[in-house]
Amino acid sequence: MTALGERPAATARTGSTALDLVLRFRALGLVLALAALVAATTAVNARFLSAQSLRDLLFAAAITVLLATGMTVVVLTRGIDLSVGSVLGLSAYLTGSLLSSVGVPVPLAILTGLAVGAACGTVNGAIVHFGRVPPLVATLGTLYVFRGVVYFVAGGSRINASDLPGAFLDFGSGTVLGVPYLFALAVAVLAVVAVFLSRYRSGRDLYALGSNPEAARLSGIPAGRRLMGAYVTCGALAGLGGVLYAARFGTVDASAGYGLELDIVAAVVVGGVAIFGGSGTVVGAGLGALLLAVINNALPVLSVSQFWQQAIVGALILAAIALDRLVGARTARALRRKAAADAD
Amino acid sequence: MPTRLRESALMRPLATWDAAVIAATAAFLIIAAASVEHFGTARNFGYIVLDLAPILLLALAMTLIVTTGEIDLSVASTVGLTSAAMGVMWNAGIPLETIMPAAVLLGAALGAVNGLFTAGFGLPSLAVTIGTLALYRGLSYVLLGDTAVADWPRDFTSWTLGTIGESPIPNVLIPLAALAAVFGLVLHATPVGRSVYAAGASPVAAAYAGVPVRRLKFWLYVVSGSMAGLTGVFWTLRYSSARADNAFGLELTVVAVVLLGGVSIFGGKGALPGVLAAVVLLTALQNALRLAHVSTEALTVVTGSLLIVAVLAPNLAASARRTLRARRRRTA
Amino acid sequence: MSRKPILTLAVPLLTAALLAACGGTTQGDDEDDGGPGTDATANPDAEIQTGLSFAMLPKSVNNPYFEASSTGAEAVATELEGTYEYTGPSDASASSQVSYIDTLSQQATDVILLSANDPNALCSSLDQARDAETVVVTFDSDVDPGCRDLFVSQVDSDEVGLALLEMTAEQIGGAGEVAILSATANATNQNAWIEVIEAELDSNPDYADIELVDVVYGDDEDEKSFSETQGLLQANPDLSAIISPTTVGIAAAARYLSGSEYQGEVALTGLGTPNQMREYIEDGTVTEFALWDPTALGELAAWTGAAAASGIVTGAEGETFTAGELGEYTVGADGVVTLGPPTRFNADNIDEFDF
Amino acid sequence: MRLGASLAAEIQPDPGPAVPVAALRGVAKRFGAVKALTDAHLELHGGETHALVGENGAGKSTLIKILAGLYRPDAGSIEIDGRRVEFDGTAAAAAAGIAVIYQEPALFGDLTVAENIFIGRQPRGRFGMIDRAEMNRRAAALFERLGVALDPDRPAKGLSIADQQLIEIAGAISVDARVLVMDEPTAALSGVEAERLFGVVEGLREAGTAVLFISHRFDEVEALCQRVTVMRDGAHVSTDPMDAVTVDELIGRMVGRSFEAMFPHRSTEPGPAVLEVDRLRRGGLAGEVSFSVRAGEIVALAGLVGAGRSEVVQAVFGIEPRDSGTVRVDGRRLPSGRPQAAMAAGVALVPEDRRQQGLLLDLSIMRNATLVRRKSLARFGFLTGRAERREAAEWTARLRTRYGSLHDAAGTLSGGNQQKVVLAKWLSTDPKVLIVDEPTRGIDVATKAEVHRLLSDLAADGVAVLMVSSELLEVLGMADRVLVMREGSIAGELDRDRATEESVMRLATGQEAPA
């Protein structure tokens, strides 16, 4: 019989910090990329860093940050929601027409947008959970269906800024301490979701579901409720995004948010959220969204042909997932080595 | 063993789904021909064939890829990029006879990039091909900007649109049918096809049976890229217009028909005839709705709903069967 | 094993490529057989037929501009006791328009009123439609003159270009840097107008102090136009005016300016609809802009189509016809019928318009 | 057999209260054509450790999953404190005080160690937020109680199996479960780790917990348990106080037939070495391995779970590349990481996990049976289906596989018939070297005997057979030579005469002398 305690008591403290480092490095890398891009652009044209320009940037980022937050919640559970662009369009149009025809107050408009989005999210969640349809297929289908509904409702009409109440447009263009309301709202939502995901049981359940669905079942996590919750959240935030869209642009037609899903998925992937669930943070996704917005705004300033923009986004997605895999493999190896060393 | 037999029939919902799609397509064609004015004409047949050609070309390779459990969302962007590249080459004075094979090879190269990232580096194909979807479309804008190259030789463009002699059979139907036959044979009657199903049903078990799963997937992406390149050639000549936004958004339609045709998004299940029927069904449905003056909105909703129903219906049927069986056992 | 398919694919392709390199079809081999279809002869005394079937095919449905044109065309169709259909794709792509043209020509529509997404991609389908006795009248955005009967131009390119420049010069006092926010880079109309502006800037001494510093493209997408405006102002700090000859672009630019420190500093003019621009005229972001009346454009297109279907015009230069209350029009070179000079909108008159 | 006696604290069998804490009565469960349980009974009393023994496939795991609320029984009842209950999910079972530690730890790699323990029950502080500090403190306290040092704040990704198991155990302890079910918890643990675990289990039992302990190691069962239930073929066989039965009696009841009937006698002279493995190393394998297998010989690779047996055969077959070393078949070197080359050289591998590695469950029996011969059955490159049908029918018949139609999905077959399809698939390639990894795991006794006879016959025909098995009885009954692996290396070789349960276990666990 070997003596108790022969197995070294050394714990994997270092393993933990190593992974923390990687995660932090991930966010840090995004921040660095952002800083480098801003610095380079500013060097070419100093006005890029002017208050006006920064405000423009935040305006542009607000909606992507908001939608990326919702998308993260779904992607964490190994899902995806391709219908966000259509949901945004539907919510923007319905909110806009409610405002222009009935003239409801702004908070009620926001609630309407949230409700429309949540309803769409419920449909997605139900198809995914009860119908057992893979999220990709389900939301690809609802991408068409919801857009069709917008076409149906909107037809060829357009809501113009002049139809909307001034208070609503002020909300869309106003700032507080130089920060647009819209961006402040998006960041507030992001913060709430971030706290929810990291500090609440049901938030951790989402990570668990994405990390190991089978184990989640064994440990009694209510997968159905959580999945529904994730899709409803994502839908509701897309709906809220629709309200912001209407407020910011003033004009809403049936094509609002067309093709937006690609940008959102890109932001989330670039932000380090694993496409197959279980890992990533909304802060990362938010930074990813911000980075894409900065790229969009920097290209014209740098006099780079706008035609490059989409190619750059594509290259970024590829780079982000390849980098994650590389870092992941290295960390896994480090952890294994560590474990092996412990075992000796 | 009668119970066994019954169960075995029940265990193959996809085979029946396959048949259902084919039957639905046939029924739809008959009903539409009888009730929609101008639908059953030879001329409309030609239009339908031309409309379905790009979807079909892309769906052939996509069927194989989805059957292995992967996906290629970049196909439409690959069409756009090859089309844009054709425009650039044409403007550079390169003969069309060189441009056409070069476009297919370019498609193959673009597919190889997908294959490298997915099969080679083991990255999730969904994320990779969303990336190349943006990248390839972006590059086609870089190549051609918003301009169009339109002065394609009439000989070629009119052949693409023409029919065989005086018959109503479109010229393109022959190569389409030949390619469909080749893909059908490869998938259903060759060792490669067996490997495709095995790799999709269980990549691990397939590897244990000596199937070179990663190599297979890599080459399937190359094939998918080549088909997209070929589609780029067709698209350019059919519309006699090389533009960066050619075939924009077509990947969703292609994925939709493949799934509607009964191929499982998880791989390992599906058959080409079902996909072919789905291509015909979707194109003919759109055509008939247009002829019947049904609004565009309805088309969008129909496409989306079909896609969901295609996957939902077998699932619901399966769970209904389960409930039924459980009830039968309880009463027994 | 899976190496084989690629070989079977690549070998013939490479062979074909090598063979072709020795000589093949290159750009310029094809002689253009264009030119308007003016083989028929016109009968200027014929009556305009009634009971014709009209179909309007816009760049995309769900676009208020075309809805307005459709209202005009529909009124004409009703007046002529004909049938009318407004149909088209929801995305503004040439390939989806092709399917709609095919459908319309099968249905033996008498007159197609088309605003094209691509000057060439629609040609073969239009040819087939015209073979089936369908009259093709393009409006707003033309195709190759060889593939349609007539084109109803909203305005004369020169007049638009000149009007835009004139408004700009008035607003900036005849001197300063200007930039153009256009639609897409290959948009036929916009490019023609920009050409006129450039030529005029070079030749007209009145504009000697005005410098065109940049042309950017917002792709007729709201958001893109918005951020392009933003980029323009950042890249050109001394900018005095922006000209946006597109309704989407000018609205987006106005929205950007109205919420920025540049409001009132940088002049904005261009082509826009009164309903979209009313707000910005009121808050002083925009002083004056111009546009034609899209409803009248739709009306004229329908009258032109009816006249062509009745054999009154064929598209030859100099032919004349009466377009109802709009009055008499003459067919110009290349089968173009022009609506008239653009209307200018400012604080004084904007409330008289609703489109 | 008294190997682990020293582990046992003074055991004072407790008669237990009259009403069991938990009981299963007449429970039956079937999956498609497979009857996993036919008539299972079990009574668990507080303050008692109850052993559940039976061969692989006897239905123990299914029974546990029913107790855990994961499966619903088709017939029979579950009772808690004498009251009949129905669990509509794992949460309901957990609420009834049942905690289960599964054979294969199912952790969330992306979450921290502490979260894995407390998932769904994380301690909460202000605003209902998770109090991470408190959670980590509690986890640390649990680990202290278990006598292990694990960082609660590190991600679970990358932990060894033993550490993962400890997390599961910590999770079960943390809820103060009334019933603790442990499905082979020691399979992957070292002697020290196991001993520590037993201390914990003893402590829990003394505190009044009912423990259900499943193990293949009779030393542990004898040392730890007061009562033992034997299951065979999905049904209850017997329940006795531990001291009322001998290990030999238990084995007899488990197997249900004599040793000789299970393991056919065979005497052939082995031929020349066919498979030669020299200094093989690969990732995931701590040591270096060399051995050879001769024609007509059955060599068993024994050892604890995690000793690296499957890793070795995977590297031999080429599923995973090897880092160094050579593999020769008939003297010719096999390239690294190329199963196709191994197959061409006449090597066949019947893998460990039938459902994941051996079969394409959704595809037909025919496709499965002919998959590896897809190229040789093709004519002019095409497969019409006729040759495949003929071949599949022939080989499944030879192995007496029972199925409805060749077109049925392989997943509808019972475990034994599934294994026969896997065997048919590989035997149809006429292999020179047959590697079988856990060839009889999870199949019924009758089929087991058939498989054993088949392997003997193949060896008699001159096939070199390399068998990985965790069932000591199988190893001892079948092998001409036993190679015992420990921690990635071969700890020793025993020929048929010297191989006993004791000698194998001693090599496998690295103990110097019997206690």
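Every chain is named by a letter (A, B, C and D) in the order it is written, and numbering of its residues begins at 1.
By definition in this document, contacts are C-beta pairs under 8 Å (C-beta built on N, C-alpha and C of every residue); 3 or more make two chains touch, one makes a residue touch a chain.
All figures in this text were calculated on a predicted structure; none of them were measured in a lab.
Looking at B-D and A-B side by side, the one with more C-beta contacts is A-B.
Taking each chain's centre as the mean of its CA atoms, C is the chain most distant from chain D.
Between the CA-based centres of chain A and chain D the separation comes to 43 Å, rounded to the whole angstrom. For this pair, chain A with chain B, the centres built from the Cα atoms lie 30 Å apart. Inter-chain centre distance (chain B to chain C, centres taken as mean C-alpha positions): 35 Å.
Contact with two or more other chains is made by residues 151 of chain A. For chain B, residues touching at least two other chains, in rising order: 145-146, 191, 195, 212, 249, 296-297, 300. Looking at chain C, one finds that residues 1, 61, 90, 217 touch two or more other chains. The full set of touching chain pairs reads A-B, A-C, A-D, B-C, B-D. The touching residues of chain B, when paired with chain A in their complex, are 71, 117, 121-124, 126-128, 130-139, 141-142, 145-146, 244, 249, 252, 255-256, 259, 265-266, 295-308, 311-312, 315-316. For chain B in complex with chain D, the touching residues are 1, 4-5, 7-8, 11-12, 185, 189-191, 193-195, 197-198, 201-202, 204-212, 268-269, 329.
The part of chain B that touches chain C in the complex is made up of residues 37-38, 41, 43-44, 47, 51, 90-91, 93-98, 100-102, 104-105, 108, 145-148, 150-158, 161, 186, 191-192, 195, 212, 215-216, 219-220, 222-223, 226, 235, 239-241, 243, 245-249, 286-287, 290-291, 293, 296-297, 300.
Remark: chain D residues 6, 68-70, 89-91, 93-94, 100, 102, 106-112, 115, 119-122, 124, 128-130, 132, 147, 149-151, 153-155, 157-160, 163, 190-193, 195-196, 286, 511, 515 touch chain A in the complex.
Chain C contributes residues 1-3, 5-6, 9-10, 12-14, 16-17, 19-21, 23-30, 32-33, 61, 85, 87-91, 93-95, 98-100, 102-103, 106-107, 118-121, 123-124, 184-187, 217, 219 to its touches with chain B in the complex.
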